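Some structures are shown below for you to check.
Both complexes shown next keep subunit A, but they swap its partner, so subunit B is in the first and subunit C is in the second.
After this line comes the complex of A and B, so read on.
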């Protein structure tokens, strides 16, 4: 009973802490100076049609590197705590409906995931979302083919290569972009590759490459988590 | 924001609250996991209505898709541990 009352009091305290936010949910009439700067200058400076992507990948690229690192540490932790004690249990085979449906859907899910991260600079979505979609596709394979073995070496190879490639692209931006554009250098600057035509698939410099690597990394990491969670 | 969007958003918010309370109150772990997934799914629809499709995609894929599955795996482990102890 005491714990219930305490929990209730804690919830009420949280509600009081969040109460002032109600005044701030009113729609903003204008953007804050930093956001306005991104919106006005983003298309010219980075050539990405999706402004969210240009902020996530380039303007706030270092934060994205931190996110990727956090995800990597989480995966390593799950692998460390839950991995490798698989005794061979004879698992029940999955149903006919699931197997047939999965064989049809898997290709579509992979295609959609790859579309999401390759078009990250044009349409909503990007590396993280695309990677998660691919991981759900692999989850469907796991559920339909119960006794399938994973090639862990390939999984780790994809993860390491894309992680290293991401950092290398960021450093290339730091080294090369300053001379190419004269816009000031910076980690993960995307301007060291050709900018292409605004709104085309091959545009926005290195952003499609960076986001593809992030997508592969996120996809392989989440696949690792799911594989470790599975008994 | 149009009136229609506003009404739909508020309605989805009420549904979200109901699902969240259900997830806390219910005795069955499986129902709680599914209800938590529903909260995320409704949140992603609200993000879409509030014009942030990027966040909506993340929430739908991670919040309601992957997190639910990870919870389900953990639930199965919990259950098989109990059976081992018996």
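After this line comes the complex of A and C, so read on.
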């Protein structure tokens, strides 16, 4: 009983802390100076239509590298806890409907995931979302083919190559990006590749490449989590 | 006040309450997920500006008037990655729960006295 009262008090305290957020913070009327700078200068500096992508991949690219690292550590933790080999159980085969539906849908799901992360600089979407879409396709395969074994070498290869590629592209940005636009060179600067035409698929310098690598990395890591949890 | 912020705060409070009062590990993890979602909703709603659209500049929103037509892109960018991280952290917690169940044959937190502080 006493723990329940303490929990109630803690929740009341939390609610009290959140109260100013509800009734004192006024809704934003205009963008903050930093956000306004990103919105006004972003398209010309980086060539990406999607401002969120230019924030995630370039302006705050180092944070994204940190987030990908957190994702990697969480995946490694899941693998450490569940990765032990277990005795094989006889699993029930999946139904005919699921198998037929899956064999039709899997290619479309993968295509959609790749589309989402390749077009991250133009449309809503990007590496994280595309990677998750690909992982759902893998989940569908695992549900329909219960006895399927993953090629772990390939999975680890994709994961490490995309992770290393991400850092290498960042360092290339540091070394090669031109200072002509007054941007200076910096880690994960995308301007060392041709900027292309604004609004086309091959534009925005290295952003589509970086986001594709992020997508592959997120997809392969979530696949690793699913594979470990499948038991 | 902003209705979306209010809903986010309610989700956050429900999640915290579930984490503090429930004994079952799975329910604690569900509480964590609710709290996580509440924080995401609050963050997105803080960056929202009434009557504006998503920060994607195409034919509908041209570059010149973008400053007065789009919402704040920074909270969206933060939440975008936070959702995926939340998914991975939830998976990590669930695998802890699986291991604890395999070792101790129980999901109730009361049966793990050695983890008490």
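Before moving on, here are some points about what is shown:
One rule holds for everything that comes next: the second predicted complex is superposed on the first by the 221 of 231 C-alpha atoms of A that agree within 3 Å, B and C clash if a C-alpha of one lies under 4 Å from a C-alpha of the other, contacts with A are read in each partner's own complex, and residues count from 1 in each chain.
As a convention for this text, a contact is a pair of C-beta atoms (placed from the backbone, for glycine too) under 8 Å apart; a residue touches a chain by one contact, two chains touch by 3 or more.
Just so we're clear, the structure is a prediction, and the values are computed from it rather than from any experiment.
By the touch criterion defined above, A:132 reaches both subunit B and subunit C. When the two complexes are overlaid on their common chain A, residue A:43 makes contact with subunit C while staying clear of subunit B. In the superposed model, more residues of subunit A are touched by C than by the other of subunit B and subunit C. Look at A:74: by the touch rule set out above, it reaches subunit C but stays clear of subunit B. Of the two partner chains placed around the shared chain by superposition, neither subunit B nor subunit C is touched by A:5.
By the touch criterion defined above, A:124 reaches both subunit B and subunit C. Contacts of A:116 after superposition: subunit B is touched, whereas subunit C is not reached.
With both structures placed on the common chain, the touch criterion links A:14 to subunit C but leaves subunit B unconnected.
Once the two complexes are overlaid on the shared chain, A:229 sits against subunit B and subunit C alike.
Shared interface residues of subunit A, touching subunit B in one complex and subunit C in the other, are 27, 50, 52, 124, 126, 128-129, 132, 222, 225, 229. Against subunit A, in their complex, subunit C makes its touches with residues 1-2, 5-6, 9, 12-13, 16-17, 20-21, 42, 46-50, 54-58, 63, 66-68, 70, 72-74, 76-77, 80-81, 83-85, 87-89, 91-92, 94-96, 98-99. Subunit B contributes residues 1, 53-54, 56-58, 61-62, 65-66, 69-70, 73-74, 76-77, 80 to its touches with subunit A in the complex.
Remark: subunit A residues 27, 50, 52-53, 116, 124-126, 128-129, 132-133, 135-136, 139, 222, 225-226, 229-231 touch subunit B in the complex.
On the side of subunit A, the complex with subunit C involves touching residues 3-4, 7, 10-11, 14-15, 18, 21-23, 25, 27-32, 34-36, 38-40, 43-44, 49-52, 55-56, 60, 63-64, 67, 70-71, 74-75, 77-78, 81-82, 122-124, 126, 128-129, 131-132, 199, 218, 221-222, 225, 228-229.
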